[in-house]
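Which chain is which? They are A, B, C, D, E and F, in the order written, and residues in each are numbered from 1.
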Amino acid sequence: MSEITEASHGDLLVMLRHAPHGGLWLREALDLALVGAAFGQSVSLLLMGDGVWALLQGQGSGPLGQKGSQSTFEMLEMYDIERLYVDVDSLAARGLTRDDLLLPVIEVSTPELSTVLAGHRQIFNF
Amino acid sequence: MLLHLLNRAPSSSSVHQDVLRTMGEEDGLMLIEDGVFGAVSAQVQHFPGLEGRLFALREDLESRGLAGRCDSRVIIVDMDGFVALTEEVQRTVSWF
Amino acid sequence: MRYALLVLGGPYSHQAAHSALRFAHAAIARGHRVGTVFFYHDGVYNAAHFAAPPQDEPHLVDAWRELQRTQGTVLQVCVAAALRRGLLDAREAERHGKRGASLEPPFELTGLGQLLDIGQTHERLITFAP
Amino acid sequence: MSEITEASHGDLLVMLRHAPHGGLWLREALDLALVGAAFGQSVSLLLMGDGVWALLQGQGSGPLGQKGSQSTFEMLEMYDIERLYVDVDSLAARGLTRDDLLLPVIEVSTPELSTVLAGHRQIFNF
Amino acid sequence: MLLHLLNRAPSSSSVHQDVLRTMGEEDGLMLIEDGVFGAVSAQVQHFPGLEGRLFALREDLESRGLAGRCDSRVIIVDMDGFVALTEEVQRTVSWF
Amino acid sequence: MRYALLVLGGPYSHQAAHSALRFAHAAIARGHRVGTVFFYHDGVYNAAHFAAPPQDEPHLVDAWRELQRTQGTVLQVCVAAALRRGLLDAREAERHGKRGASLEPPFELTGLGQLLDIGQTHERLITFAP
């Protein structure tokens, strides 16, 4: 909890609320996060709602062979995305825990969500 | 302080629940486009605890025939008033 | 103040573009400047050069052009989002072996870095989504 | 009720589930219904979910002056659309009754919905 | 008999409620695209009373990593099986 | 059997077009014929002549063309939906005073009556929506 209060000062927060594979929101949101990181900004991601499915282990490539989101998330580590927040209530509602996820995450409870948003200079909500 | 914009009706999308969980105690919520269906009396119970900071866009209420059906707890602002709200807060967050 | 708008919805299919235009005019009427409109996701379809809506409907592509002409608003379109959706300026069209163009000035293809730049150079950024 | 069982034999059912003004679904659905009627098909409409808002009295023209749906609905009568069904549960959930609507409608209860669908040769769901 | 297709997750859209109210007693429901999120055990309670006629598309489950998480009450079919279902019913209705 | 598909979602932005194509191939593999694909609402964007997706993504416009070439599937695009979204064939472009075209054969602009006709001439019509 204290981690969120003190660490949540970043340039850019990209919120991911859409599920992977059904459309392009997740991909285009991650592209923006990667560009931010490449430009030297301090970038955080917040996964919420059906966006939490994006981190589920065991995803395949999408229909007709388009890339899944997994490779992009793995690039995140290379690009030094600073914080990967996940809304725990969204996880729980879908029967998921952090052990189901591809990458280590910072769990955020509902009362902490507004703190995460308040701590970032620029917010994009996809 | 943030101003949240919501363009979905609470009757068809559950995104309003995520908005409410994310809003800080002083944040405002502006209903626009199909979001204004949430401002009618039969629907406004989806937005509890927002007295004085729940807004709906007059133009979108009027085009939908809702001007006279808006709940009294909702503050109606026109496009000029919407711009004024964005002058007061540094950042807005759009939900859809 | 200096405003920027981010438009994520295509014209007609969603009200997003209509709302963004109305917001722009209201902001200008209050003495603000609308410096940039950035088009991303399906918002890039707002730049479709060939758009030919019925005469009794608003012509959104023309309305954006008019905003640029009268207010100097810069109209930026994300190049990656545009290419996969079939909006190419003359240069990109040639590069992809096509004749002509489906996107023309004053719309400009640009990178996502510009969208982040807007955050530094404008005091407000308002998103209109589908 | 008996009206629904016996009358629901038509060529074309167009279901309208999207609210007016927020997008083009309603308009493009009504265009299809009008073309069907112009081609001499027996056409029914079923309003459901946020589609019931389309019949609310007192609507204005949309933003930037585009046409509202009211004029199209009034054309329906000219074109002899045979049945205008409205899902009463969708009405009630939005605090509406048939008195709030622009045109006379046939009210359909939940158990009757499947009967309406079963009675039409072709169904488009918008 | 109709086959209904649903491509929305019950966690974000309420359209599944309208589907259920509209389905006849013999109609089938096929979950495709983001609809397959409704097939996991934590979500399948949104589709009560559909034993033997609730289907989910294998390709869409697999791309989302859900193949092993699908509830046993859901019948998994591949694209070939989806086509086969449409052979059996004359009309399909797509919900979104 | 003779199948028709109705596609209401734009390419890439939604999975609808991908699903429709996969369905078409599966139907053909089961010995059916996919006689017509009709594009309406944002589905008309599937006909964008200038589409230039990244090389590691599927080229959906080419995939539709391939379906036409190998299976004889007719690709019909609603003209009213297409015009307001900026998809004009050479004839419509000329009529609207534009040079070139943003939609080319084998995609054909046609009226909504054709969609109703499909109901008579095909045994199955499956809709893929955004």
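Everything below uses one rule, namely that a contact is a pair of C-beta atoms (placed from the backbone, for glycine too) under 8 Å apart; a residue touches a chain by one contact, two chains touch by 3 or more.
Going by UniProt, the chains are A, D = Sulfurtransferase complex subunit TusC; B, E = Sulfurtransferase complex subunit TusB; C, F = Sulfurtransferase complex subunit TusD.
Fair warning: this is a prediction, and the values are worked out from it, not measured in the lab.
Any chain touching subunit E that also touches subunit F appears here: A, D. Chains that touch both subunit D and subunit E are the following: B, F.
Of all residue numbers that take part in the contact between subunit B and subunit E, over half occur on both sides, making this a same-residue interface. A separation of 38 Å divides the Cα centre of subunit B from that of subunit F. One simple way to say how far apart two chains are is to compare their mean CA positions; for subunit D and subunit F this gives 27 Å.
Inter-chain centre distance (subunit B to subunit C, centres taken as mean C-alpha positions): 25 Å. With touch defined as above, residues shared between interfaces to two or more other chains in subunit F number as follows: 12-13, 15, 19, 22, 41, 57, 80, 125, 127, 130.
Multi-chain contact residues of subunit B (touching two or more other chains) are listed as 7, 11-12, 15, 33-34, 59, 93-95. Subunit A has residues 21-24, 49, 62-63, 122, 125 in contact with two or more other chains. If the chains shown are joined wherever they touch, the resulting network has some other arrangement, not a path, ring, star or complete graph.
Interfaces, counted as pairs of touching chains, are A-B, A-C, A-E, A-F, B-C, B-D, B-E, C-D, C-F, D-E, D-F, E-F. The touching residues of subunit E, when paired with subunit F in their complex, are 5, 7, 32-34, 59, 79-80, 82-84, 86-87, 90, 92-96. Per the touch definition, subunit F reaches subunit C in the complex via residues 10-13, 41-42, 45, 48-54, 57, 61, 80, 83-88, 92-93, 96, 98-102. Against subunit B, in their complex, subunit C makes its touches with residues 1, 3, 8, 15-16, 19, 22-23, 25-27, 29-30, 32, 123-130.
On subunit F, the positions that touch subunit D within their shared complex are 6, 40-41, 80-81, 111-113, 115-116, 119, 125, 127. Interface of subunit E with subunit A (complex): residues 7, 9, 11-12, 33-34, 37, 40-43, 59-60, 62-69.
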